[in-house]
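Per-chain residue numbering starts at 1, and chain names A, B and C are given in the order in which the chains are listed.
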């Protein structure tokens, strides 16, 4: 009898240890108990027929905008957007390699999508009301804000007072392109072909400031001791996956995947994989997660909101 | 300072490994297509059938008149269309190849027309006297002589095509210059790749110029040599 | 099979041409600005260096030859980027307009040098000897005999080079110079109207190049040398 009790206790301890080990190895973040309940892959609507027939995705991503879309010296596409694309490939076809990337720029991404060259675009695509007239957006997958990159010696203060008479750079077709043309008619705006060209313009004094997404500029400012970010934060608008209009099945699939990734806190993991550790604290709030839900400012489109 | 700085080595290797083959392949396709189409069109232009002449003349003037960049952009952004069951939509690489071929064929057509016209009338008459028809005359007498005169400018055209592949940069083809530009952007933005000194642009674009020069210069010399030998 | 192209033509937004005429006009003005400056300066460079090459002035001849060979054997786009990204490293900060005309000038100048060199060298030797017989110094002989005649021999090739310089302004969009192609790209990326934009661009360039060519052929006919020299 005594031996049976001892045996039961030992078995119970072993089982408890096993259970503790299983639960303990889950990521120790908020919603850990929630995650342990979710299956690794959500229940997704059927994949759009064209993609299914092809057996792989064709996705447009940036190749000139670290840390979201860039190419390393071995020619591999990397970045936050690229990781999202790879996750779509994994859930659609079981392998992260079942995706062909097409490089797009800010200026060419919407044309590339509407002309049918790619299935969807995951390319730092900020939501704007104007763009939504031409393409559909998925639910948001990243939150970005606009910042100004300036030389260390410059103090900006209020945008409305500082901007007139200055020369700004950004990429063609970006939300900043639109916003400056709408709201700062006395600011001269120079378009550059890539974000890096904009950085150089500020460094070389060809422009007073570069207006671009915070995540990109933060890295630049951190690496360059002669440049800094002005404290102004504006145009805080999420990004979405770009989908062609009248493709409801595509939108359903993408939305379900983004929601699934959000519920499993996958965006935070992707962020940790793609940006250096010292920026994690600042950018954690930008990634959707079980605690953070992003929404498009449909009620008041930001590119029409001019600061006073 | 080491001959090749640490940060530059992977950049140069990336450019040579990923970009240069694209450039050379693009140039090869464009050269073959230009020659094939251009020789035919140029010879046809010498026929005294005016509608055909005008049609080919129009073709030549359009593709020579447009800047190649505009041709590339126009072709790339053409809406897709369906031919039977084929969905025709050119990707960036194909658009660049087509644009270069259209331009190149117009150049070759014009040069061929000039070369064929430069063959003296006596050759035509002699061939006709020997019983050759139009096709036979051109095949056995006129074109062999004309193509000899074409050789120097054709080598020159190859050089031009190689240079002009860089235009494909504008639609994102990962040719040699684009490869350098991509790494240059990674370096500048600080997130990706090693940090590089401020003279990085010199090295990257200077390297690009050097490689193109090393490819083109021997060909240019060859063209000049052929001109002396064959003219 | 052909229904799609017909459909495109039918749905073509013709009002696009009218609506965007202002933007394209600004682009056209910038194309002409950079183009004209580039062409004129290239002619200047070509004349001077072509003379240097034809007269084989020692030292300068080799320098000019190096310049010509480097420029002719490298793509113009790489030259443009080299200048645009490289000069600021040297502390030379130029506006896009300056880099624009400078890069096409350097490119055009190399080709013009070859054009003029060939023209000067094609002047029959006996004409120059006639000049010497008249008591001309080599310099005067060059200015009064070789230059006018060689220059006109070189006219067709220099005209072709000028038109190429003008067409190459299209590449300047990549350094942010707001010429015609830049305008088209800007319109496309902000309005998402793609096909009409690039069709308009192609039409405008053809109009410019064909008009210029026709004008110049006309001038060339007036200025042509008599057959027998």
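We adopt the following convention: a contact is a pair of C-beta atoms (placed from the backbone, for glycine too) under 8 Å apart; a residue touches a chain by one contact, two chains touch by 3 or more.
Only a predicted model underlies this, so the values are computations on that prediction, with no experimental measurement involved.
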Maximum centroid distance from chain A, chain identifier (CA atoms): C
Pair with more cross-chain C-beta pairs in contact, given A-C and B-C: B-C
Distance from chain B to chain A - Cα centre to Cα centre, in angstrom: 39
Rounded Å distance between chain A and chain C, as computed from the means of their C-alpha atoms: 44
Centroid spacing, where centroids are CA-atom means, of chain B and chain C in whole angstrom: 19
Interface hub residues of chain A, defined as touching at least two other chains: 108, 111, 115, 197, 200
Numbers and ranges of chain B residues touching at least 2 other chains: 77, 79, 181, 184
Junction residues of chain C - those touching two or more other chains: 85, 173-174, 185, 188, 194
Of all residues in chain B, those that touch chain C in their complex: 61-62, 65-71, 73-74, 77-79, 81-84, 159, 162-167, 169-170, 177, 181, 184, 198-199, 201-202, 205-206, 208-209, 212-213, 216-217, 220
Footprint of chain C on chain A - complex, ascending: 106-108, 110-111, 114-115, 131, 134, 172-173, 177-178, 190-193, 197, 200, 203-206
Touching residues on chain C, where the partner in the complex is chain B: 1, 4-5, 8, 69-70, 72-79, 81-82, 85-86, 89, 167-171, 173-174, 181, 184-185, 188, 194-195, 197-199, 201-202, 205-206, 209-210, 213
Chain A - residues contacting chain B, complex: 63-67, 70-75, 78, 102-105, 108, 111, 115-117, 194-197, 199-200, 216, 219-220, 222-224, 275-276
Parts of chain C lying in touch with chain A, wherever the complex brings them together: 85, 88, 93, 95-96, 173-176, 182, 185-186, 188-190, 192, 194
